[in-house]
Structures are given as C-alpha cells and as structure tokens.
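The chains carry the letters A, B and C, assigned in the order they are written, with residues numbered from 1 in each.
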C-alpha cells in the first residue's frame, strides 16, 4: 500500500514546536517521523528544529529524541545504533534518524557524516536544506545558492548576494557509494514520503537531502511555502533524484535515477522575484543562475537519465 | 530612569524601536541608555519583548525591566489580563489600537493606520517612538528623529520620520486619546468566512488523543528534584500552546471540503486532524486552534478554496 | 593473576573486565596501544563489544554519548590535542549525565608540538563537569578502570569519569600487575542500569535545551552530585577491597603527613619518586610528607585540609602551568586550604613540562626550598609574594623584545 495522506499514521510525532509559521524544515521532520513511526529514535544537532523542538519543559517530539553537538549528528546516530545493537535492544521497526540543516550537514557535520557512511552504520541521515544558517539569523552556508542575499553575503554595490553556487552535497555523499541516497522537496510530498519509506526499508547508511524553504530567510509570505518549494523543482534549481549503491542496485558504482526530468523548466525570473533574498539580482545574475542550472542538468541527463 | 517595555510579535520591529529610542536618548538627548531584546527559541510571529532603559547616569543593571514607566503594545492581541502588573507607579501603556479606551492609564494610538498611510504597510514600531516623545520627558521629537537617522538605513528614514511625527501630532493634538476608526475594511471582506467559522465551530470535535502525539500538561510542577538530575524527560511533554502567535485564523467550510487532505499534508505544525466516523473512516477535518500559528499554508494549498484566513479579533467577536 | 604489562595494556585489561558494550576511539600517541589492545580483544572474542572505527575524537566521544543514551556501558580513550578536539563534547557528556569512562594519556599541548607527558591537557578541562582521577601505577590504572564505572554509574552520581595516566611514564612503562578474574570483576561491578536512556515503552526526549528559568537547577544538581563523590568513593573502594583484596585511600593518599613539617603535593606518577625522597628525608631526621591527589574533581577539600593545614610549609609539584597565573593544581590546593583560615607558606614547583624528567635532585632541592620557607621568615615572605618556581630553570634572561 503506497504511503499517502490516507494511509499515513494519524499520530503527530513532532507537535507543539516553536518553529516559525510556515516552516519547511518542521514539515520535513513532521512527515518523515510519521513515515518512520513512533519507534524511530531521532537525533538533532544545533539548528532550527532542535532550538524550537525541545526547550525544557516544552518537548515537541513524541518519540525518543535527543540533541547532539553541532558537528556530531552522524556520530551520535552511529553511537545510538551501536548501543542498541550491542544490547540486542533494537526493535525491527526502529529507525535511527538524524535531522540536520544545510550548515549542520554540508559544513560542520560533513566529516562525521562521511565517517558514518564509511562505516556503513545502519542510520538514516536527513538534511533539511533551507539554504542558510537560519537558526542564527540567515547566514551563508555552503548550500546557499548563488545570488541569494544573507546577513553575511548582503546585497551590496560590490555583490548581489552569495557569489558561490550551491555545493553539490548529493554528489559528495553518493561518491561514498552508500546503499541509498535521494534528493526530495516538500513541494513534491508523495515523492518525499516514498523516499523516506524506501530509505526506512534499506539497511546501512541512507541519506536524504530535502529542500525545505524558509519564509523568513528567503523572504516570502509563509502561506506560499508549498508553491515556492514546488517552483524550486519546476524551475530546475532543485532536482528530484535517487541513488542506489552497488549493494542495493547490483551495479558497480551504483545507479542514479532522475525522478523528474521535464522537457522544459518553469521560468527562473518569477521564482527569484517572489523571494526577497534574490531582489538585488540583475540580468547577469539570473543568467549565471540559469547557466549553472543548465550545466547541472546536462550532466544529470547525460549520466543519470 | 525611564524604563520602557516593548511587547510585540517577532518580526514587528519592537527591538528596532527599542534601539531607536536608545539611540535617540544617547546620541541626541545626551542621556545614557540600554536597549535589548529577550532571546527565546520562539520565532517570527511569536510574542516577544524588548526593553529600553534611559537614565542621566550610567546604567549598571542589564536585567529585564520588571515594572516600566511606559509599556508599549505593538500588537493589541497580545494584551492580557494582568498587564498592569508591569506598570511602575504613575506608568502608562501605549497601545496599538483603533478602539477608544476609558482607562486613564492607557493611551491608544492607531499606529497601523498611521504607518499604512505613509508606508503603505502597517508597520507600527516607529509610530510609537513619536508617541513616546509626546508622553515622556525622556526624549523630544527631534531626539527621536536623530535616533531614526542613526539607526535606520537611508532608504527607510524619510517615511519613518514622517510616521514618528504623525504619531507625535496625533497624541499632542487630541490629549492622549485617539479616535481612529475601527478596522472596518478588514472585516468587510470576511463576513462569509465568519459565517463559515461559526458553522465550523458547531461541527468541531476535539483531536483524538494519540498514544505518541505530544500532549499539553497543564499540571507541570517545576520541582527540580523531578527533572534536574538528567536531561531525560517524558517525550512530547508540552506546557504551552502556540495560539498566541496567530493574528489570522484558518476557518474550514466543512460543506465545501472534498477531504483531499492537501491541507493535512502541508501543515508544518500538524494541527489539521482527521475526524473519523464510527467505522474509523476519516469524514471531516478539524483544526487544533491551540497549536495553529496561522501561517496560511492550508488555505493556500486547498484546491476547493474552502479554508479562509480571518482576523483573530473578528473570529473572537463572532464566537 | 600477575602479569607484566604496560600501563596501557593494564588499563585495557581493566576495561575488558568491565564489559563495556560500545567502544569508540581514535588513535593518538601515547594512547594508541590501549585501543589496539581493545580491538584485539574484540577480534579474539575475549571482549563482547561494538568497536567503532570513528574518524575523529569529536566523533569518538559523540558516539559514546549516543550509545550511553541507549543505556549501554561505553568506553573511549584519548590524549592531549585529541582531548581538546573533543572538548566541546565533554560538556554534552557530563551535562547529559552519561557515565562514560574515558582514559586520557596525559600529554603536552602544542605548540611547540610534543608527544611527551605533562598534565596541561586534562587540567585545562577541569571545569567541564567530569570526574577526574589520576593513576600512580599500572595496577592503579587497571583498578581505576573498574572503579570508574562503579563510581560514575552510581545512581547518586551519574557522571562521566576521566582516568588520567601520565604519557609514557605510565602508558608505555611495564610493571607487574595483578589482573583480577572476570568473576571477581563481575562480583564488584554489576551491569549498568539507568533511567537516563531511551525507552520504547515510555519514549523520552534527551539532551534538550533549558532556558534561564530552569538551567540553574541542572547546574546545581550537577555540582551536588559531583560533591556526593566524597561519600561514594570510599564506598566503591571498600567494596573493591572486599572483592579484590586491594585497598585504596580515597580522594587523596597521605603519606607520612601526620607530624610532617614539610609536605609535597603531587598528581600522578611522579609520586613514586617523591615517596622515595620522603623516606630518605625521614631517615635523615627531617619530618617530610607526601600528599598524592588522586581525584582532582571533585576537589578533595577536606582530605587536603586534614593532610596539609598543620604543615609548616607545603609544595605543589606539578607538570602544568596556567600561563600568566600559576599551576592549576596549586590554585586548587590553595583554594581548598583557604577554607581553614590558615594557609602555610607554599611553593608552586613546576616541572616535567613537555616530558622533561623530574629528577631526584630536583625533588631534593624542592624539599630544601620548603624547609627554608618553614624556617626562614625571609623565604616565607618570598614564597608568599611569588610562589611559582620552575624546576631546574633560572630566568631566561636575554632581551625580551628579541622576537
């Protein structure tokens, strides 16, 4: 039975949190935990979801959950998994899952993530990507896209925002040849649920990179959360892909799949214009963003499609 | 010492105003000042406070103001019983409201209207800087102007100077009482929604208790011997709701709802829940208003357009 | 059974006997042979544990925290820069009240880079909420591995324990060690049982944040429970003596202090040599004594007062300096004595930095300096003005601006 709005559990395992209204990251945690079920053990480093998720005595996780040092999401997940296994105390339906932001994953947490994948520890690592350090007030991370203004890449006469393009975290992770990795977006919810479910049912290290827009940091009305998330995919600035490692696919080097490969993209300009973070970008910036997108898709289509 | 408490929602600019006032006092009026916000885990839309302290002598006490000479409410919906406990003897409250008030301690100012008129958007913070100049000896209007110039970017200065002046005028010209019009326009467009709201209320059933869904514990007693010897506590232990964040409220028309569950799947807070018949089939949707923050995602994703976002104050009137 | 073991091997034997369920460690000299020995035991099946090949010390301790949160008994080991690299995680472990046991091979801190023993690493982290204990011999290292679990896991304590061993002087030096049987170890140390863990029956949230309203209660409980060690440590050692037939003297070891005029305070394995010098001095008719600090956190306030306050002069011999202040052990000892109202004249004798040998002659000289303090008011007043003395070193001289 496919997971969807009708079949998913009615239990809310992430509830009563203090995230901003219209928070994409909160929706990722909420939905992923509903797929994984109440026996999931969650670990979260410093970041929006831990800061707003459990501040004693307001504890918003209905399942077992804990905060980790900022760089240690994957490390603590590994330890939890090893501890359960050593005691023979891990139920069949227990997923040890981490939720870390883009900074917590692609910057400070990358070493621990690489270590966990290297050991192929039986954990699910979910990166909710809101494209900057939102918990500390919108500073640039290595997953901030080109042209996005943040408080540390402010739009100025010299530059219009971040001058670097988004680091390709998915490629970095897949280069480890782990059992399973995927990208997803809250704008394509059923695809997201399916990927969490797929990851849940595979052993070894699994990784999900989920685009989770932030109304405050991106500068759009909170009500537009889902349409902005969807448009990021429709413009081709985010992509929905999957990777099955050699142990799962039987293919040396693993197998990539593009879950969505549209003939044409939605125009970029409209997507950028509805977000304040891109408001300083000019035609040249838009062209640079478009060019980077096209190069990325050329690579993905030639190798993955 | 003049002490000011600013009450607002995250994002309404209370701390900017607190800073502006401090800058006005130090840079122009030659006084000493401190300005600081409360820092909490709560986010945009959540109730927050900021403080300004102004004195002729250096200020050593950096702790939060307990009793203030001026308490400002940038958002009327934050006002609750017991507000007067924050007033120092002889203190006053400045309230962002379009209503008249009989309480001599309360000075109303329709700051939303003033700022909407000049800025095109209701951003009430700088209006209250003008208001403070009108009611307090600590700073004069020209100090406030200097404070705004020192604190805000050039782009924002001109209009905010006008807003401060207009607020100053409003209070000095009508003896501390505003006669602003009620926000009739906001209400007009929402009559339909309000009817749906009344209807929705009559349909409402409480969220069914889940075994693992976090629950509100009204009986939490802060006995350190029960919690302080480890950071390990009952999962899903909630002590506060999030309803106070909301200025608009989703109201679902049950007759128009097709049970597509788009709203249910998109709510970042999980506050939309299924109501089931005796056979266990979901037949209707409920909204947990205790935890809804009013983000509006549900109304936007509803393909049947059966969820309306209506102002909280109207909802209260209707209820 | 008697075996001839290095300090690291002895410690590893103690860890094996404690039956940890998860071991995560990253190699660093001079800790390495501990984790090698444990990996070998796991490979041979003499130790049933998950051995995690982590990619850094930061992850080593983070993984131990995660494992401890499931209720598993955990072990890790480190040294020097590795300890500093995981420093952030130390407070997560102690604040989370996870009774992890960690061996630290005391080693100098860079720069200049140096792999040899001094105690600046662990002493710089006294405030991180861990119990800190220092071994004096390979036997004590082995025994402390077992007693550290018993102490840290005591429900009245519930704190992580750092077992410190002097780099090379203990870690790589071989001596005869009595290795208990597994039956003895099991009789002494029961399995770890705690409520501070995940539960599938009654899920919990762990390691959360707590704002100004609640934070102080956690800090207060942490302090109170650390102080409770003064009561628990003798209990643990009494049970250990009963099962193993080997006794330990509590938070400090006082040697010949009862009528001592001059007393030297030490930390770690230099105590052996100081004990020899005390014996010599006693033979010469000089009332010398030794106080070996075993536990530095919690601070052994009463034992230090009991052993030191009657002396005419005291010295603190330590392999540490807090630049711009004085040795950290000295600061702590003086703080304990300050509660008596009378502090004898004292010298802070700093030596052994970067693995430099502390020689017999230096210790004799140090006692001579103490005797001078006890008998000459000029020496006493000099000591009270500036107690810091670097062993075997005069002023550097030269032009201070030469850099």
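What to note about this one:
One rule holds in what follows: a residue touches a chain if its C-beta (ideal position, glycine included) is under 8 Å from a C-beta of that chain, and two chains touch if they have at least 3 such contacts.
Just so you know, these numbers come straight off a predicted model, no measurement behind them.
The greatest centre-to-centre distance from subunit C, using averaged C-alpha positions, is reached by B.
The chain closest to the protein's centre is A, with centres computed as averages of CA atoms.
Subunit A and subunit C have Cα centroids separated by 43 Å.
Averaging C-alpha coordinates per chain places the centre of subunit B 53 Å away from that of subunit C.
Centroids of subunit A and subunit B (each the mean of its C-alpha atoms) stand 31 Å apart.
For subunit C, residues that reach two or more other chains under the stated contact definition are 203-211, 214.
Looking at subunit B, one finds that residues 40-41, 212, 222, 227, 231, 233-237 touch two or more other chains. Within subunit A, residues 38, 51, 55-57, 59, 61-65 each touch two or more of the remaining chains. The touching residues of subunit B, when paired with subunit C in their complex, are 40-41, 212, 222, 224, 227-237.
Residues 95-97, 158, 195-197, 202-211, 213-214, 217-218, 220-221, 225 of subunit C are the ones that touch subunit B when the two sit in their complex. Residues 10-11, 40-46, 208, 210-214, 216-217, 220, 222, 227, 231, 233-242, 245-246, 260-262, 264-270, 273-274, 282, 291, 293-297, 299-301, 309 of subunit B are the ones touching subunit A in the complex.
Against subunit C, the residues of subunit A that register as touching in their complex are 38-39, 41, 43, 50-51, 54-57, 59, 61-72, 74-87, 89, 91, 94, 111-112, 114-115, 118-119.
Interface of subunit A with subunit B (complex): residues 5-6, 10-24, 26-27, 30-31, 38, 48, 51-52, 55-65, 186, 189, 215-216, 221-227.
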